[in-house]
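Next come two complexes built around subunit A: one with subunit B, the other with subunit C.
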Partner chain A sequence: MPGELPPAGATWSERRRRALADPAMRAAVAKSTRSLAAKKEAAFAAYPAGETMRTRAVIARRSSLARVDALLDELTRRVEARGGHVSRAAGPADVGRYVLDVARRRGVGRVVKSKSMATEEIGLNEQLETAGLHVRETDLGEYIIQLAGERPAHILVPASHKTRQQVRALFDEEAARCAVDPPTGDATPELTVFARRQLREDFLAADMGISGGNFLVAETGTLVLITNEGNGRMTTSLPRVHIAVVGIDKIVATWADLADLLQQPALSGTGQRLSTYTTFITGPRREGELDGPEEFHLVLLDNGRHELLGTEFVDILACIRCGACLNVCPVFRTIGGQAYGSMYSGPIGVVLTPLLGGLERAPELPKSACALCYACADACPMEIDLPRHILALRRTEVERGMEPWSDRLTFELWGRFWANPAGFRFTGRIARLGQRVYVRDGRLKGAPGLVGGWTATRNAPPLARESFHEWWARRRAPRTGS
Partner chain B sequence: MTRKPSAGSLAEASGRDALVAEFVESWRGLEGDAWIVRGGRDEVRRTIVEAARIMVEDGGPATSCRVLAWSTADLASLDLPGLLAQQGWEHVPWPTGARAGEAAAGTNGAAAAGDVPGAEEVTRTQAELVTLAAASDLGITTCAWAVAETGTIALYATPATGRLPSLLPTAHLALVRPSQVVRTVPDGLRLLAEYMAREGDPPSAVNLVSGPSRSADIEGDLAVGVHGPRRAGVIIGEW
Partner chain C sequence: MARQLVRAFDDGATDGSPAERPPVIALSGSCAAMIKHEMPELLERDALQRGRTPATATRWRRRAEALADRAVELSEWLDRQDAPGPAGVEAARAEPGGSAPLKVASHTGCHMRRLLGVTEPPLRVLRRAGAEPTELVDAEQCCGFGGSFGLLEPDISAAMADAKLASLATARRDGVACLVSSDLGCLMQLGGRLDRRGDEFPMLHLAEAVDLADRHRLTPADIGRAARSQEADPDAR
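Let's look at the complex of A and B:
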């Protein structure tokens, strides 16, 4: 069964236009992506062991995916043996129903969340808020995004498109809403102190913590959670109930597999050797323990993943959500994450969004949001061949006749004319006639249709008055005549 | 007759020093505080006070300081209650309090509290513990092992070694023995595998901590202490 993703919101042309018209956002994205990409390079260069582990981790991920069903069964048995509850969710509604059931049974009113792409994917916050629960995102970036009513713009640094002035304005509004002191300034420590104080209260008052998960270890039924801020630890230690919502693709067989994988999200994501907090959770608190959740629930999310097993796209499930492909992508660096209309942006989003949510939901992503430069294929620590998948999705779109008639006609005609020299020369003569109205000061400025978009930001030289073939023919003519 | 240390153990000792040095360098590189103590128990005790002053009060007098400390047998020889009392600081042992003791023993406080159902009583105890931990200035713990290459300490959650003392106080101080420092994360995970083989189970929670809480969510600018302890310190020594 295919999955379901929240709708994109605006149309592709609208999202693209908005992004290109936002220089502050574009500068912020360009800065953060370049910095993260450079940190990744430096981290691997200074740490050869990281590369050795990476190559083994690539194999570990694929071998786990090859027997995902058996591993999920083993994981389930282990979690249940340690007093945890496991539920399989086919899609967004299943997760929402399960979480709300637990919430009702345990009298939950307030929920804290640590950053999770899986819960973004299923719009869990909206589902819980509709049912009357108070939900607070606690990752600093996600908190900013939640206050702004936006979607994360980057897998790893969700608010990297916001300037500190924008963050301060959001915090000021929140302070007014909560009748508390606003931040004392827009320096990072001042903004951080405000967020820490506000979020502390949410943590201490919460009845339920919802987390995602970076990995699942089948052999012991262990959830692995990686954060830098410590909000993951808070979310899974303080509230009475902890629910982890994790994609079925996150499973690995053994601790030996995990040992090779554990440092990879940090190395490729931020250039750290290990994230600040790595937590291994095996069931709820045990007999005699004074802290930790009384109940532990693991919701295993399918949402279109299972269907990818055994297809040419299966290796997309090896993704560890490090964001390395976003940071090197020229398209992402230019338009930022929100233009993708999906929580998964950048090259991984171009592939994952249509694969999970259906090609009809985002036909524009494979078609238009990739320059086929292959930078992402080089950057991916799990060696996922993203460009090949993008090409395959483009091919599928053409096979299904999904492109508009104007595209089909354009490429049909183009192909026909340029298939032989006579046709090629003919189009040149037409273009030379046609460009006359658009040439000013010896430059091509403005043009009809697609070419207009090209020349809007570029200074293209016009076609020469005479082609090489024509020039050659003219030069040779007298000789052959003599 | 005393035996000279063998070449093997000398090499081992110098290897150990190198690991400790690498661990400290990595930890400091992550904005963490670190002290290497070679003088044994008394110097470790003095260093705890110094570390508390620096991490809680930025080197100031620290006239009032609430310290939440694991009270494991391993820490007993340091006499933390006596040490902290000398400074006029408040010492809160973990696990703590009569109610906590009852919760730990698997009973509940229903008999003492009258008609309050047991489960709720235990829950309230947890809420109290959370409030207490959040209002503490310093948490003191030991660790299961430490990793030189990444500047990491491993904390296992058990009844005696709870999660809150390393999480909620303003600062966290971990005491590390030089013999606990391993080179790589996989080396440390092998120690965890030994624990699992021995106990039949991983702990309910294992936390690998590499320096203080950090975030780069505002303009990529590093912020320390967003959620967890604002400062994280280690003292490496024997006691």
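Let's look at the complex of A and C:
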């Protein structure tokens, strides 16, 4: 079954316009991506074992995906044997229904969440809030984004497009709403103290914790969470009920596989050897244990993933959401994450958004949000061939006739004329006549149709009065001919 | 277009070893990458889509591969020619108190850098030509040309060019006399953007820089003159 993603919101041209008109955001994105990319390089350079593990991790991910159904069955048996509940969800509505069912049964009013791309993907917060639940994001970046009423702009660092001053303004507003003291200043520690104080109250009052999951280990039925703030542990241990919403692609067969994978999101994402907190959860609290939830639910989310198995795009499911491709992408660095109109931005978003949500939902991404520079292919620790996938999606759009008729006609004529020397020379002569209208001060400053896109922001040298072929014929032909 | 290119360089001698046949020199890293990495698969797929037999499609792939084997990017080819630098350059270097080498910014296009893995040859060629090449800050970031992307997204593309030109501005403060690249796409993008901004800083193709050096004219004044005459009649040179 195909998946479903929340709508993009504004149109592509509107999102692009907003992004390019926001120099503060662009400077913040450039700064954070440059720093994360450099940290990744330094981390691998200082840790040769990381590279060996990375190679083994790629193999582990691919071999797990090759038998994902069998592994999901094994995982389900293990989780249930430890007293947990497992549910399969085809898409957003299934997850919403399941979570609301549990919430109603257990009298849940307040929910805390740790960072989860899967729940962003299905718009879970909106579904729960519509049903009257109070939902609080507890990852610092997600908390900022929630207060701003935005979507995460980066897979790993969702609020990296915001400046400290902007964050302080959001916190001041929140303080006024809650009638508490605002932050004492806009230094990072001062902002963090405010968030800690606020979130602590939310953790203590919450009835339900919702998390995502970085990995699932089939052989023991274990959910693995890696975080840097410790909020994941609070979310999964303080409230009475814990629900984890995890994509089916997160599964690995064994702990040996996990050992190779565990450091990879940190190494490639933030340049750490390992994230600060690594949490393993196998079922709910057992008798004699002091903490942990009374109920543990695991919702396995499909949302279009199963359909990718056995296609040329299958390796996209090996993604570990480290964000390394975003950090090196020149387009991401220029327009930031919000412009993609999807919780998945950057190169992975260009591929994953249409694959999960349908090409019709984001037809602009493959052709307009990628310069095919191949930086993402080099950066991806899971060796996902993102440029090839982007080309394949562009080709699919052309095959389905999704591009404007004028572009189609331009490329078709272009290809036809330039397929032989006579056609090539003919277009040169025509262009030489036509360009007279557009040449100013010896520069080509305008052009019709698709080429007008070039001259909208750049000049071009005009075609020479005499082509090389003509010059060659005039200068050299008589000498060799007679 | 790709079929025509393969035909044009195909002399029918499919069995001769690539070493015995003359190399095909590409004047843009991106062109070399297209020929070496994309065309064999492209032509095979194209033949199948046009309803040709699998045997014919395989033959197209082979012909494209034969061209791919012969194709070499200009800086890589120049680097392999073990020729000494221009006599004038050697003399200037040997001479105590001779002029310091001219600082130039070197920009390597994305396909050349990542698909061909050619990053050192342009620097070596420039050094041999008597220049002191430096790479820009964020050198590995795309200039925004991007083929059809640059036509479809003029504003994003120009913003990417502006980021590159900001790096170049830093290098200019450090005294680089021009920007040299082995990719015509990047040169058209960065030069076109600079020109739109009314800035006449010279940009040269590697071949032009080497040509100037060979004629002992790799000097700020001659570079500027060469860059300005790029659109002029070939006869004028």
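Here, the second predicted complex is superposed on the first by the 418 of 482 C-alpha atoms of A that agree within 3 Å, B and C clash if a C-alpha of one lies under 4 Å from a C-alpha of the other, contacts with A are read in each partner's own complex, and residues count from 1 in each chain.
In this text, a residue touches a chain if its C-beta (ideal position, glycine included) is under 8 Å from a C-beta of that chain, and two chains touch if they have at least 3 such contacts.
Here the structure is a predicted model, which means the values were calculated and not measured.
Enquirer: For A:35, is the partner it touches subunit B (first), subunit C (second), both, or none of the two (neither)?
Expert: A:35 sits against subunit B, while subunit C stays out of touch.
Enquirer: After the superposition on A, what does A:442 contact: first (subunit B), second (subunit C), both or neither?
Expert: Second partner only, subunit C.
Enquirer: Determine, for the superposed model, which of the two partners subunit B and subunit C contacts more residues of subunit A.
Expert: B
Enquirer: Under the definition above, what is the set of subunit B residues touching subunit A in their complex?
Expert: Residues in contact with subunit A: 26, 30, 94-95, 100, 103-106, 123, 125-126, 129-131, 134, 147, 149-152, 157-159, 162-164, 167, 184-186, 189, 192-193, 196, 201-223, 225-229.
Enquirer: Please output the residues of subunit C touching subunit A within their complex, sorted ascending.
Expert: Residues 1, 3-4, 110-111, 114-115, 138, 140-142, 144-161, 163, 188-189, 192-193, 195-196, 230-235 of subunit C touch subunit A in their complex.
Enquirer: Hey, which residues of subunit A end up touching subunit C in the complex?
Expert: 16, 20, 26, 30, 34, 328, 330-331, 333-335, 367-368, 370-375, 377-378, 407, 415, 418-421, 442-443, 445, 450-451, 453-454, 456-462, 464-466, 468, 471, 475
Enquirer: Which residues of subunit A touch subunit B in their complex?
Expert: Where subunit A meets subunit B, its residues are 28, 31-32, 35-36, 49, 53, 82, 138-141, 144, 157-160, 162-164, 167, 188-189, 191-192, 195-196, 199-200, 203-204, 220, 222, 228-231, 233-234, 236-238, 240, 255, 258-260, 262-263, 270, 272-292, 294.
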